[in-house]
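Could you have a look at this structure, given as structure tokens, before my questions?
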Amino acid sequence: MYSVENTWKEIRDAGVQIAVIAIGAIEQHGHHLPLGTDWFQVDHVARRLAEKLDAFYCPAMPYGNSWEHQRFPGSLSLRPETLAAVLRDIVLCLRDHGISKIVVVNGHGANWILKPTVRQLNYDYPDLTIIWSNGVNPEDGGEPPVEIHSGLSETSRMMYLRPDLVKDEGVVNSPGIVGQEFLDYVGFDRVTKTGAWGCPADGATPERGEEILDASVESSARYVRWAFARIEEFKSQPSVVERDRVPGRESQEES
Amino acid sequence: MYSVENTWKEIRDAGVQIAVIAIGAIEQHGHHLPLGTDWFQVDHVARRLAEKLDAFYCPAMPYGNSWEHQRFPGSLSLRPETLAAVLRDIVLCLRDHGISKIVVVNGHGANWILKPTVRQLNYDYPDLTIIWSNGVNPEDGGEPPVEIHSGLSETSRMMYLRPDLVKDEGVVNSPGIVGQEFLDYVGFDRVTKTGAWGCPADGATPERGEEILDASVESSARYVRWAFARIEEFKSQPSVVERDRVPGRESQEES
Amino acid sequence: MYSVENTWKEIRDAGVQIAVIAIGAIEQHGHHLPLGTDWFQVDHVARRLAEKLDAFYCPAMPYGNSWEHQRFPGSLSLRPETLAAVLRDIVLCLRDHGISKIVVVNGHGANWILKPTVRQLNYDYPDLTIIWSNGVNPEDGGEPPVEIHSGLSETSRMMYLRPDLVKDEGVVNSPGIVGQEFLDYVGFDRVTKTGAWGCPADGATPERGEEILDASVESSARYVRWAFARIEEFKSQPSVVERDRVPGRESQEES
Amino acid sequence: MYSVENTWKEIRDAGVQIAVIAIGAIEQHGHHLPLGTDWFQVDHVARRLAEKLDAFYCPAMPYGNSWEHQRFPGSLSLRPETLAAVLRDIVLCLRDHGISKIVVVNGHGANWILKPTVRQLNYDYPDLTIIWSNGVNPEDGGEPPVEIHSGLSETSRMMYLRPDLVKDEGVVNSPGIVGQEFLDYVGFDRVTKTGAWGCPADGATPERGEEILDASVESSARYVRWAFARIEEFKSQPSVVERDRVPGRESQEES
Amino acid sequence: MYSVENTWKEIRDAGVQIAVIAIGAIEQHGHHLPLGTDWFQVDHVARRLAEKLDAFYCPAMPYGNSWEHQRFPGSLSLRPETLAAVLRDIVLCLRDHGISKIVVVNGHGANWILKPTVRQLNYDYPDLTIIWSNGVNPEDGGEPPVEIHSGLSETSRMMYLRPDLVKDEGVVNSPGIVGQEFLDYVGFDRVTKTGAWGCPADGATPERGEEILDASVESSARYVRWAFARIEEFKSQPSVVERDRVPGRESQEES
Amino acid sequence: MYSVENTWKEIRDAGVQIAVIAIGAIEQHGHHLPLGTDWFQVDHVARRLAEKLDAFYCPAMPYGNSWEHQRFPGSLSLRPETLAAVLRDIVLCLRDHGISKIVVVNGHGANWILKPTVRQLNYDYPDLTIIWSNGVNPEDGGEPPVEIHSGLSETSRMMYLRPDLVKDEGVVNSPGIVGQEFLDYVGFDRVTKTGAWGCPADGATPERGEEILDASVESSARYVRWAFARIEEFKSQPSVVERDRVPGRESQEES
């Protein structure tokens, strides 16, 4: 493994092919774990991964997007666009140095911005291959999703909705052969037969489409009504930050 | 339901409380479905949802982020930051008009940018409540995720990694009571007891932590090696856009 | 005409050369017309135009810049830079698909940002030709403006102001041969003889220049004084949104 | 008049109320006029205007948007967003100093970005009043446009297009009382009776609407076909920059 | 000292007043020092400083602006605007947590963007006090610069250049009482008597001004000519990255 | 010298090679000097410099970054990013016209943003050479700094801090041969032997490193404590803007 403990000459002479970038987060982790938990862990995991891959290990970025924790003292967040810019800048420097295979290890679930950023970088710079450190590996027993796009379900829905727009030709089954994260790496034109990922040939009908749509509206309406009520409930209660300042309260909650 | 078929006076006099915004996508849908599929469907579903909620239905935004389809003629994508700006501008106009409850109906899975955008809007403008049209409704049989943050798994990992930083006090179980999408609406200080969402009191050990971390590195490395190889394979094959120009080819692939 | 009701294969096989993009606006239209008026109309007109041109008709963008209507409930505006980004992203996708002739149909007078955006796109991407759907057609009886730049008027003004900087050579008449909107498509180096568009050879004098400048200052000062007063007057009156809440008021105003 | 030839104390003690900002352009002006023509002139006019208004005269911004002249050596342009930022920054500094009445004198027709920028500033900062140095002054004989929005023409078009959406109530004549540039200063809610600016009560009919729409499509199509051809023609000819390098050519063109 | 090794509750209960942010750089450090040198050092120094101040120590930002090293493999740079955004985001999070005294420890001279960023943050958020970890401490023997603004030199220059604009009144000596970095913290209105920082009353003359200006032009011209030549020379030689690939070359250079 | 008093044809025919851009500032200059002082002076100096260089003199940009003066009426500042954009746009226009040697004359010390902007432009566009009008000219008696990067001091500090990372090989003296501003023009790979600029071979020791680091922390802590106190003191006093409104106060301060 190479890292910033090396000199530039060592990096150059090694002819490194792969770089690993870890992205952490600084955010509250309850009463028992430290603010830096995500950063510490992703640094550990990513470093070991870089060792296995004999890669160049870039310093783990401590800060991520943790606005959902912002009310807790000590949580430190970047705005999504800032984190995107940090990743983009590092990736383009690596590209400058001839390193075009880059693994992103994300240490925090809410760093959502990384998803569109990695995808956009792969499409904007086709000479780069930026991948996630985790995903579905079919050769390792993983199950690629059968349907994602223009499959049985979506075809049925369109047969109900706009039958005039559904063609008879080209209704070809093309079930998933890799995980959905591959769409961050290459386009549908690489991983499908017609652009559709799914099994529209397995008996799509307008009736099935109507059912799915009805169910979708029903469940959406149910959820929305419930969610507005629940949020109101949450917002009307004191926040935990204030709540557990009340002496004796916490033990009661445990009972 | 109210919509842009109404006059401004009708909207004003109705005292609308909720708005619904649908976001579509313009992207290839195989040989049998039209480019506008996502837009047509989300418009249909969201409009019916708005009717049920007696909400103000904003015109469905046709364009989303579809870079994974960009190689197919007719796919039209916004850059992620553009879509974020569109949503933010519309939301802030609604806020201007005193509408603070907003439902976002996303018609395309790859509009990833909506996630951090909705979350950031909720945190930047606490007077707004912007929610998704779908999620986990526990009162409707949905299962909130037990562990998300500082639970049994994360505590075990930190006990292995940095035992000096794990406290004995405050190790309190606080399993999930709503779906994870609620973190787009309110913070951890509302939906947990200590900031932790999970069950660290159920027997976290360093051994368990070590196991999880080892497995994580192992599976990451396996995935990364496989993925680089698979992408290379994909990129070395002709794209489907070129591929199916070859006469007679497609039928062979089906066999 | 092609549209998002087609499949990607149909677009590809058609070899479409021209695309039409309509931009609407969501804004109040008085008591008798709906909020979506501009969007409905521009969609209608642009679609029919696309049919005539056998072009690819992109979904009409519903939202534009309508801040001058923002006080009226239901008006929904993008910030100018957002609308610019939407147009740019769509145009660059079309370019990706090999469509380089693009017609912008603007459905709302206050979408001012479209003007510098279209112009900049044409200059930044000289392989594109993005034009407006309307303009001066001299072959159809339209009158191109005689003077725009460095003509009789401007030369006279400079003769008065900085006679030392006015050259005798190259004073060549070059009256307009197309409408001013052509400057959004090609530069002055294409549509003029020397860079000047006008008739400086028709007797420019410092006296004429002084007169024009004096008149300009006079009329400016008159306008500015009046405008400040008028705005104050407007701002001191109740806004119409509040005003017509007063019962019985509206009928009086009509008398 | 006050200017940057004064000290800060003089500005403070004067209690200046109005500021004047001139925006120029650096662009070719044919063979006989200098590159700085627009800047020189706008500086002259704006300074004299500031004198008349006893205003604070800010240094004229030399640079504007002149991409249509960019092929000519010496033309120097800002990108539209840069010019917008310059104006916004200066305006906000003046606001900091308690100067809220600001006159923008635009020395170059193609500084289009100033239009949406001034309008947005007025709406974002309602305590400011930023006006143009020129416009329609009805008290001075100017003719405000009768119809702009939801008037006779637009109502007719909607009666043809979507008669179900045209209301009978509130069809009130509200012809223009100021020039259209007032929409950069205050909204429709100030200068109209119902939000409509025009005379829909003067006999709108679907027939009239159909006629207008048909004529609009016809003339658009005519223009578009002609314009594409004309641009091709322009682009196929040598640019004037190269053209007039040919010795002896220019005199011929004059004959 | 507090850090991200603490829990949120510990931070809250400690009532921390001061935060320390260190900014590093990842860049080549010759053949003998590692790429991470600046980061390692600034982390060390800033951590010890935080201990002394009993401050909250934010994770050191590894990445800075090192474009001058970009040709050397392993150097990783952010664009200036990205680094500015990172600092701003962290500072605003600290502000959210009630920490308004912030010390920036800069580990790399070329992180120039920090200078305008810190200054702008202090002026945009007057409730914050963001300071550098180093500067001139007059109570510790440091020498504040006597002249910075409108002093003897500048007054002389203006007496020569625009004598009509130099006032007789208010010519008051106001030599520096703190280092120039204080202008990043508070304005001239706090640290000077009249807005001038210098000694204009010590005998400013137009002759002195002329001399200074002449010398300035002379030395500029000398420098510019030399610099263009020197850069050409540098650019015409092979870069060291290529140079020292030549075997045996390096030892020669040492002799 | 050429300027915007010339026509485009004169610029073209002159084949100008060098352009000079002056950047001013509009800010208070005490009681005796005008707000425009920096602009007037830099315009004067830069114009004379352009004459000497027979360069194209761009109009001096009046506005710079003067937030430290913002409390004084009449000071007008751009935000740093705006000034950066102005410079970049002008530079790229000059590049369009084939002028690749550009001299920036900075008239105001606090225009900090120019530093990273010029550097970034030189690195983003290697065909451009943008230099400052002033710097260290060794051929003119100037003294280039001996140590900047990886020299004796930095090596000593690393020997103390991370001895495991300091290599024995490649410890080569490479003292400065030009001023530090050359790093805005070309990289370390041009002006050093190994990437190090300094004399690490002159006896670096961990002891020396420890001393330097200790002194650095000590002096930082001393400074920080003093600075926080001093700022509080400054902020608790009335600003000079208010202060000298008090009659009789100013004369007392002079005594």
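Residue numbering begins at 1 within each chain, and the chains themselves are lettered A, B, C, D, E and F in the order written.
As a convention for this text, a residue touches a chain if its C-beta (ideal position, glycine included) is under 8 Å from a C-beta of that chain, and two chains touch if they have at least 3 such contacts.
Since the structure is predicted, the reported quantities are computational estimates derived from the model, not experimental observations.
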Touching subunit B and subunit C alike: which chains? A, D
Could you put a whole-Å number on the gap between the CA centroids of subunit A and subunit D? 45
Counting only Cα atoms for the centres, state how far subunit C is from subunit F in Å. 42
In whole angstrom, how far does the Cα centroid of subunit A sit from the Cα centroid of subunit B? 9
Subunit D to subunit F: how many Å between their CA centres? 38
Touching two or more other chains, which residues of subunit B qualify? 5, 7-9, 28-34, 36, 70, 72, 79, 81, 162, 165, 167, 170, 195, 241
Touching pairs here come out as A-B, A-C, A-E, A-F, B-C, B-D, B-E, C-D, C-F, D-E, D-F, E-F
Quick check: in the complex, which residue numbers of subunit E touch subunit B? 5, 7-9
What does subunit A use to touch subunit C in their complex? 162, 165, 167, 170, 195
Give every residue of subunit F touching subunit D within the complex, in rising order. 2-9, 11-12, 26, 28-36, 39, 56, 58-63, 70, 72-79, 81-82, 85-86, 89-90, 93-94, 96-98, 241
Write out the stretch or stretches of subunit C touching subunit D in their complex. 18, 28-34, 36-37, 40-41, 44-45, 48-49, 52-53, 65, 67-72, 79-81, 101, 103, 105, 109-110, 112-113, 115-117, 119-120, 123, 129, 131, 133-135, 137, 139-140, 148-150, 154-155, 157-158, 161-162, 165-174, 178, 182-196, 200, 213, 216-217, 219-228, 230-231, 234-235, 237, 239-241, 244, 250, 253-254
